[in-house]
């Protein structure tokens, strides 16, 4: 391990750790929030976290493919948000409720 | 150099802070606004990484389109009363938090431990990038390009429409399907469970 | 290309039926398409070289190279008639279901065509994995046919049917994989081709079940025995038959049971000759028990369909017995009996379906005196009954006689038990016939306000080909036996070092 | 004409008749349908006459017409042709079948005139003739078996002809299934013989038959012939499988005449005669056949004495007469067997048709207690029936005398026979005379007991013509086989039948020269026995009708046992059929429902129980699932990192 000053020399790892923490934040939201819409937002957070990783790798590996992936991820994310929200709207129309606690129809 | 460092720490703070805010606010509208903040922060992070085009797209797609969508949906619902914002189960809540924590620890630990690996792999490119800032290739591949200067966008476009053109087209199809599907979903009166 | 055509044409037909826009004409389309398929399959008959025991009209392409899995089709004297039986029965079944299937018509016909592909694939595939795909595929449409269009307890019956057959197949898959591994050891490269399997010499030690060949033998046999079904794993059959709609019963009895017996001849006996010979006593005993048990239990069933289902157990017992005597008579008889059973039991189920459409009951005690009300129906039923109890000049006799002759030649002791099936078979069928058709008019028959209608032209058209076949096969068995002769000969003479050559 | 063409006409003409009548089965006109059917059989009769004429024209040793149409079945060494051959034995049979057959068809036109299903009836009848011809002419055991089962099938259809009556349908089923028992044995016999000779062709087997007798009970030929004989007991109604024949009287009376008296039931005898070179080398089988035949003759005759149904009496009489035929072939007198078969066909068909005529006149009344004195109403029927009566009880010079006497003599004289068999035969003959006379007395003679509502009348000409023809045959039919001893004393009248059959019948080994004095004596004993018992019967039933009742009362238990047919049906039901049905029910409940399915249920319960445990994990809570994914990732990551 190279001796670097963690605070002053920003490298790939910093971005990766930032990405990881953001991902974890999003994950916490998905796991713990009850509002479906906020859960969707948390998913967006997780996707963004991944994007950070991609771009960081892209830069430090000197490879433009990472950015292409980000591009794809964003498209997917937008699509996912659209469908997710459409489902949320439909659920709300049907049950007048968007609290995840009420949707346990898959109980075995 | 120091501005870059400061910039990073500042942006990291903003991104993580607003990310936390997303999940901590009980009012979903606030959450949405925090999310916008996080998105902008991420866009800025992209800028610090030299990915200007991506940063722009991030702003347009996320902070623009997606967020508008979220907010609009939120406005459709009447969500003022939000008493229990978190799932309440004690054991499962604890389990969830523990697993999240462990996950974070593992990822971060992994990243830190694997530092040598990345550094070794990237020593040459990093060194080269900082020294000459010129076009350099890692393994002689045609697609490994310099990511530092402003014709980055052009390169991005070239690669996107040559090497990844299939994925691009597939995404186009996907988006069309999604557009139709979303409309269909939103129109339906509750799907198979609909009360007539 | 011929075999591929007849194999995959039904799949295309299934698609056509699914996207066909008009609901009214779907039956006509399906019927026409199935006839087309039958005519194409007749080309196989025309091109078939009866003098050769080789695998004919083969089509061979590498599918998954790493494991030596091939797209490998071929036909020989053993599978030829079963292929034709399948393509022959399908149009008849579609015609017979004209009125009885009135919900989800599209789905039904599509399932039928998929099932046809699966059954043909089972008969034609020479590659083990390729075969296994079709073997399992055949379960799915059948599952839906029974589960959607079946009777009151259809869910119970389908699950029983599915689980019974599945249990066997799983072990077979393990055995297939092990055989593939053996081919790699023997020749250096892995192959799933049956022809390669034949070349593997599997060590066998008598006296214990715990040797490689016996274990593999039982792994395969269990799968096929459940399908046949051999006593005592037969209990799924009566339930499946009773709950299945008429077309389902016909295809089940007519073709699907033959998949089991055919595979004994194609896979088990040539692959594991020593074990087959060593354990022949077991299968002969089970077969004979099946003959007698099936007949006895059939006799006391109150439900016609269940009666015929148990009679299937009895008839399939003959087939099993015929195969495990390993001589010309037995094996030829078994092959012939497969066709017979397909024709006559298929026809019986069709007839039962026709009367069920009229009265909505299968309770024997509620019938009686039908002969006076439905004479044409009675004539057809009687002819098929004769075929089922193996009266000479009908098809059933040839098969049963040859099997018993072969059994006597190989194992005379068993024949004294097996022959009781001849008597009991007549007893249960004629007793049922008497109770349903003779005597005073039963409660379902005497309703003056709604007299039962005799067979319509369509129903007669369904039955006539089968009746013609009953007599044709009974009077001129040589027309059929000539095509299987070389293959059976090859199997009997080379049983212990079986191989199959490819005819270019 | 070409032989194969003639043979084809002979065989196919009834089949064509069947098909024509079968297609127009709903037609109710008796004259047309009956005309077609009768013509079909008559054509057969004519072609068989031509064929037999050709046969006579041939030299004695080469008398054989063999026609092979096509190869029926060929598997490895097992080859069966659809081939038929006429020799001296089958020549007699085809003449009887088509000749008597046409007469009975003719009679049926009158008898079945008012039945709605008359066309169907004639179709079945023609089908029967077709199958019977196949049985008789088939050149291999398997071809014979085709006809063998075919006639059983037609018998089933005709017995159950009035199927709406439950009893009659049941009788048909009983006949078929009882026959099936025999057929199963017949199959076994074929298997054994095929394993021994490698062929089922009758001529080849006869040629291959060894010349020395087989002593062992388990020898291949003994076993094979024994099985074939069991088959014959089914078809020809011998102990223990005779039970179906009395019930078979449920069918129309002409059917009883054709199938259950003249032709089908004699198939067993015919089969043994045709295979005589095989049977003669299996003395053990021969012994069994002779004993069974003799026992059946007495046993059935004793039941016949107690029956009140005119057809049942004749049915038991048939069983008894068949017993005589088996006695004959059992002691090696194959010619005598064939002879009796032929004369029996004449007089028994005559008596059945006569009884049909009576039943017709009495409006379907079959109980002889309600008849009596019919002589004056139905002179022709009475006259012809009378000829039948004297023929069957063996009064010289009527047909039955010659054949029955030859059988009795041979059972005494042949090295395969014994005096005991002769005694049984003679007792049977006396009983026959008794019950036949009883039948005559109660039906035609004595006082009329006919109910007032019934007005008996003579049958129409269509029905009396066959009666007259058969009556003549019953008188003269026996003259073709006048025994040597009588023929000699009457001035060298040759035994035509014996000469005719001589080339195809194997002689009895070690047969000594006959003593004429002994033969005359035995003949005298049996004829006088028959005459005496006939006289007693006449005395009982015409002179003092109360005596038989007294006697019956004095031996009540025995009488009841006999009149209830020795309770054999009840015995079979009690010991075989009912236990089989009840046992099957129990078997099914025990094995299928309670054992195999139980096992599967236990397994499924285990699986379900296991599922119940795992089920707790499926809370339906989306976030919990996500958490489980998370935990999974954590575990996977820790493994990757820690490694």
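The letters A, B, C and D name the chains in turn, as written, and every chain counts its residues from 1.
The rule is simple: contacts are C-beta pairs under 8 Å (C-beta built on N, C-alpha and C of every residue); 3 or more make two chains touch, one makes a residue touch a chain.
Just so it is clear, the structure is predicted and the values come from calculations on it, not from any experiment.
Asks: Sort the other chains by how far their Cα centres are from that of subunit C and give me the top one.
Replies: It is B whose centre lies farthest from that of subunit C.
Asks: If you average all the Cα positions, which chain's own average lands nearest?
Replies: Located nearest the centre of all protein C-alpha atoms is chain C.
Asks: Using mean CA coordinates as chain centres, what's the subunit A-subunit D distance in Å?
Replies: 92
Asks: List the centre-to-centre spacing of subunit A and subunit C in whole Å, with centres computed as mean CA coordinates.
Replies: 56
Asks: How many angstrom lie between the CA centroids of subunit A and subunit B, rounded to a whole number?
Replies: Taking the mean C-alpha position of each chain, the two centres sit 6 Å apart.
Asks: Let me have the rounded angstrom distance from the C-alpha centre of subunit C over to the C-alpha centre of subunit D, please.
Replies: Here subunit C and subunit D have centroids separated by 38 Å.
Asks: Please output the residue numbers of subunit B that touch at least 2 other chains, ranges allowed.
Replies: 87, 96, 99-100, 103, 107, in rising order.
Asks: Please list all residues of subunit D that touch 2 or more other chains.
Replies: In subunit D, the residues touching two or more other chains are 621, 623, 627, 630.
Asks: Every pair of chains that touch: which are they?
Replies: Every pair of chains meeting the touch criterion: A-B, A-D, B-D, C-D.
Asks: Touching residues of subunit B toward subunit D in the complex: what are they?
Replies: Those residues of subunit B that touch subunit D are 87, 92, 95-96, 99-100, 102-103, 106-107, 109-110, 113.
Asks: How about subunit D: which of its residues touch subunit C in the complex?
Replies: These residues of subunit D touch subunit C: 25-26, 70-76, 78, 142, 145-146, 149-150, 153, 156, 160, 163-166, 169-170, 172-173, 176-177, 180-181, 183-185, 187-188, 190-192, 194-195, 580-581, 583-585, 587-588, 591-592, 596-597, 600, 604.
Asks: What part of subunit A is in contact with subunit D in the complex they form?
Replies: Counting only subunit A, the residues touching subunit D are 27, 30-32, 100-101, 103-108.
Asks: Quick check on the complex: what are the subunit C residues that touch subunit D?
Replies: Where subunit C meets subunit D, its residues are 160, 163-164, 232-233, 235, 238, 293, 296-297, 299-301, 327-329, 332-333, 369, 371-372, 375, 386, 391-393, 397-398, 401-402, 404-405, 408-409, 412, 415-416, 419-420, 422-423, 426-427, 430-431, 433-434, 437-441, 475-478, 481, 485, 489.
Asks: Quick check on the complex: what are the subunit D residues that touch subunit B?
Replies: Residues in contact with subunit B: 621, 623-624, 627, 630-631, 633-634, 637-638, 641.
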